[in-house]
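Before anything else, here is the set of structures, which you'll find just below.
Next come two complexes built around chain A: one with chain B, the other with chain C.
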Partner chain A sequence: MTHPPTVDERRLSPRVRRLIADAGPLVALIVLIVVFAVANPVFVSPGNIGILLSQAAVPLVIATGLTFVILLGGIDLSIEGVVATSSLVFALTVANDRNDLALGLFGALLAVLAGSVFGLANGLANVKLGIPSFMATLGLGAVGIGIATVLFAGRSPRVLDSGMRMLGQGSTLGIANIFLIAVLVLVIGWFVQRFTRLGRYGYVIGGDEAVARLSGVRVGRYKIGAFVLGGTASGIAGVLLGSQLGVGMPTIGSGTMFTAITAVVLGGTLLTGGRGGVLRSFVGVLIIVVLANGLILIGVNPYAQVAVQGLVIIAAVVATGWRLRTRVRIIK
Partner chain B sequence: MTLMNRRTDEAAADPSTAALRAIVPATGRSWRDRLTPLIPLVVLIALVLVITIKQPNFLSLYSMRGLLESVAPLLLLALGQMFVILTGGIDLAFAAVASFGTVLLALWIPDMGPGGIVLALLVTSLIGFVNGFVVAKAQVPSFIVTLGALGLYSGIGLWISGASTIRLSEGYDVVGWLADLRIAQLPASGLLAIVIAVVIAVLMGTLRRGRALHALGLAEPAVLMSGISTVRLRILAFTLSGLFSGLAAVMLVALQRSGGPSLADSMQLPAIAAVVIGGTAITGGVGGAMKTLVGALIIVVLRVGLSAVGVDPAWEQVFYGAVIVAAVALTIDRSRLRSIK
Partner chain C sequence: MNHIFRRRGIVAGGIALTLAAALIGCSSASDDSGSTGGTSDDVTAVQSIRSMSNPYHANWADGGALFGDWADVEVVTIVDEGDSQTQLSKIRALGAEGKVFALNVDPNDSSTTEAIVKAVTEAGGYVVTQWNKPDDLWPWDVSDNWVAHISFNGETSGEEVSQALFDAMGGSGNIIALQGILDNVPAKQRFAGLQKALEANPGIKLLADQTANWDRAEAFSVTQTLLSQYQGQVDGIWAANDNMALGAFEALTAAGLAGTIPIVGFDAVPEALENIQNSDETGYIATVSTDPWWQGGAGLSLAYQAATGKIKVSELSHEQRAFYGKQIVVTLDNVGDFTKAPLLDALKSDLENPFLRSQGPIS
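And then the complex of A and B:
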């Protein structure tokens, strides 16, 4: 840990650096909004802001859950698979055109629960089998896509329950329902992070797992808990997407994982764990959504968006980890 | 390092090698350590036997041809991935880079002929080089850098191809021989891929620095202190991964007569599964080209076998996922992970 201070660190006091790290994403968000508003006034029209909020909903739900996993230094690559399975469980248990089940809200709960089960499996594979999380979740994500493909059976089941469709399509007081649900998830996430052992110990474990272990924290169960939160969030996202599109399908979640990881990293949660939080991820989600929406409004090819997000992920992790680089570490 | 030079692939497959002895207390070779490397080969033979009993024409010339053709791109991708996994990292972008490569080939071959192939291989190698450079220089975990690269290159691929498949008619002969040529009545594509695997195994076993990637995965501080540049080694592994993604792209374009922005994407999981199921540990340091060959054959035989037994192909993904988790759980070396993230 004792390394000669780099030029960078000598010039800036720790407080200034902390301030830049904390306010950076928010400043970036405001700059982006101003730039797009000047480039195309439609960007700040009430109609487009409504679109922005409903576009932010699903990434916000997923990013909130993912933040807990990344805070522990882990990663969840199973998101798209879990979202797919959850959307199909949802579409097949509420009133639909495939079977006679019409469980309503209970069907939505079952779908969320399916996400939690995947989260539990991720956590058990990581903690009990000792498989690094990127590998365990990559494998279980494939299982999720597979189960979704089996349930899909070649044709999308359509959701016929009008109440459940309103969940994703309707709005309350002019604000899209799915955004309200996403904000509710964010608030719950913030409470868990702030006031529960799961949240508080997350910082300790992510900061230094060995120290946490030596202090008597039961690291394993809190890690599993974080993965369950991540899986549950993906389950909720599956329900929201299924309700919004009115179908369940294996590819329904494609692109969601990418957006969520970019958002969490951009918001300032360190991939190495120990620093960050759900509110930062909220700022990250808004940056991504504003960027995606704004680029389309000024006429950038939509496929270039994926490329831009890829570049943003790399740039963000390099930038946030740059200061730690001088230590001789082993990074795989 | 001298001890590491003269080892054959089988000896390195064994976890109780010289480098490990220094780390792991000398408990001797347990039966488990000796038998584990043989499991994949036994599984492969058992699979072939079971399927032959169910479907006697499985060993026919016709089905062997199909098997060899489908193993070719998969094996090339898996070999590229193997170099990175040997160092203890992972390249999640490799299948997307191969897809991107098929788009480049389909766009360039009609105008440039063989030059287009060389250029495409250079580009995919350069992509690997850049990935390795960022991982090694910025010290960012490889999975996140390559995840970003996956988005970057599939985005560019979709963009320049207009998100559609590009048929290759003019100039197809430049790669067409790969699909048409038969050696002893068997497709040259599959045989060529297998020969490449054998050559890699021989080179890694005989070259003076052939086992440097294993050493990097096994004991990075030791490599660093012995004066070898770990940065260059890591970049080399990723560059090779990029090159092999390009080779797989050439093979795919030859077999499919077209290039497409997501042509190779579905091979990401089977190729990673082939590497880990063959016995290469994702903790790095243990594994090799022959193990990867066995792994790729297991995947292809199983795919044929599952449909022969009448399993719905929809279950394939479930199966790959479960196999990856199970194989990693069996081959991982937990003693070398301080904390599992």
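And then the complex of A and C:
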């Protein structure tokens, strides 16, 4: 801290200051919930809360994986392509109306694995070929859409396996299965981030890659690992969407990438890397899902919704990042 | 049957090989038509569509095959896989062959339409375009080689399919509507049709309309939200396309409501047709079809008749050169007509008179 302290910082201890900054997105989320609940009590009805949780599931899975990539200062733009391929692998390997395969859970695992392979390809292209993650993942995302389109062959294969449909459609003890799966992914993500080298070194590499390299961290290996986590998460999302909608489609993931990147950034993970985490991304996801649901419930004109959504997101980012203004930080 | 297989072979060639291969395909097709004889040896009949792998265009091509059987000519089908440049260069290649050709085309976008009709005019061919056209560009302003443009009015069909929904609801109750991309022309027309139907049915109330951007996953979550907002009050769901209607159907399934709330959509995609076949269980009441077999058959017939001189383009009225085709509401009663190609007899009168289904001029 070499900059001159501001008024606030002189009064508060560093610990309290940090707490306030960290709690920013959470405060924004609570404010949104209170506003919507007052405007329309249906918003906090048990039925709507259940729906909110199920709507948060797919973005949460993707954002959890993406957090690891962004923590390193990278980006994954292949999400929609990977989700598309995964949804088709899923729909074509479980019982379906296109072929005689009926691999059940094994089919779902194959689809997730397809996502991991894409993640690995992203990582290798970035680390071994030295292509910026922005370009490498954009290209592989297009590959994903292409593979999905070939598998699609003009008509959506329908999932006929009722057990597999329950992943996305059923519920256990009143909670949507899809949300339970997403929470499981989040918990695994948190564990990896907190207790494994892959997670811990992520912060070091994202903070300063050159320093990490000089300290003897095998940067390339951990970077590839982060991309594999991202791809795997997208693969899981493809399975969940395929299960929920009962089909595999090249366009099934459209819009998921924007939501996921926004959620990660909104939660407070820096796009430049080095700071953030999967729990923050969870808060970011909830902000976006609450916003989309709440704006419909309070009856905002559909023409205006997207604009309002954008404005609230920018307002939330500004509010939560206000403290950072004073730092010497270059915004790119 | 052999006829059809030969044609399919040519199509496959067009898909698999390059421009040069497509040219060879064309010339072999014209040799064949020469050997079968007929009044118009020198006219090649050509369909230009996006791809054979989507059911809509596959049906379109089958309609063209019916025309081929009826007129006893070979029909060449060229595909572009959604690439406007490919579409244009394949059509230019037709002109380079030096024969008169009759072309029925589904241009990929409005700007391609303009380039296509100019290329056909230069080559001395005859073309009928469908769906996309720049608003201020009309066939009579370009040349007699651009025979006609056919499009479809979403407002009329929107009204009809909405009525089918209201009838299924017994004429009273509440609906929610899923709109397409809001500034998109068909989205606007279809929604205007719904509003007209609402005026005619005072017993029906539109609780809410939201956009789901033509997208299935988005329709799923928007429907979830609307169902929780109007818990127990939603008696019907209207969607501006089948993709969103299918997303709404899955949301109903997840909520344990599938089959209890009627749904309608547009476009007659195969999954929607399957659901309509089981409408008792699915609640999927109706969708709307432009009848792709008619688009492929009658459109090609119009271009062909202009090329052979049977129809004098210069004598056609403006209303005949830019008209809306008929869209058909598909319900349990007639869904069988849309899951397989019609018999030639059923389409014959439309092939003889391509204007038979005209719903008036494009405005």
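Assume the second predicted complex is superposed on the first by the 282 of 332 C-alpha atoms of A that agree within 3 Å, B and C clash if a C-alpha of one lies under 4 Å from a C-alpha of the other, contacts with A are read in each partner's own complex, and residues count from 1 in each chain.
Quick note on the criterion: contacts are C-beta pairs under 8 Å (C-beta built on N, C-alpha and C of every residue); 3 or more make two chains touch, one makes a residue touch a chain.
Not measured: the values here are computed from a predicted model.
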Which superposed partner A:153 touches (first chain B, second chain C, both, neither): both
Partner chain(s) touched by A:25 [first = chain B, second = chain C, both, neither]: neither
Partner chain(s) touched by A:47 [first = chain B, second = chain C, both, neither]: second
Of chain C and chain B, partner touching more chain A residues: B
First (chain B), second (chain C), both or neither touched by A:245: second
Contacts of A:189 with chain B and chain C, given as first, second, both or neither: neither
Touching partner for A:313 - first (chain B), second (chain C), both, neither: first
Touched partner set for A:276, first chain B, second chain C, both or neither: neither
Touched partner set for A:115, first chain B, second chain C, both or neither: neither
Touched partner set for A:225, first chain B, second chain C, both or neither: neither
Doubly contacted chain A residues - partners chain C and chain B: 153, 303
Residue ranges of chain A in contact with chain C within the complex: 40, 42, 45, 47-48, 51, 54-55, 153-156, 158, 168-169, 241, 244-247, 249, 251-255, 292-293, 296-297, 299, 302-303
Chain A contact footprint on chain B (complex, rising order): 87-90, 92, 134-135, 138-145, 147-156, 158-159, 163, 220-221, 224, 269, 272, 282, 284, 312, 314-325, 328-329, 332, 334, 337-341
Interface residues, chain C side, partner chain A - complex: 51, 53-55, 58, 179, 182, 208-211, 213, 215-218, 220-222, 224-229, 231, 246-247, 250, 253-254, 270-271
Residues on chain A engaged by chain B in the complex (per definition of touch): 72-75, 77, 81, 125-127, 129-136, 138-147, 149-150, 152-153, 209-210, 258, 261, 265, 271, 273, 301, 303-314, 317-318, 321-322, 324-325, 328-332
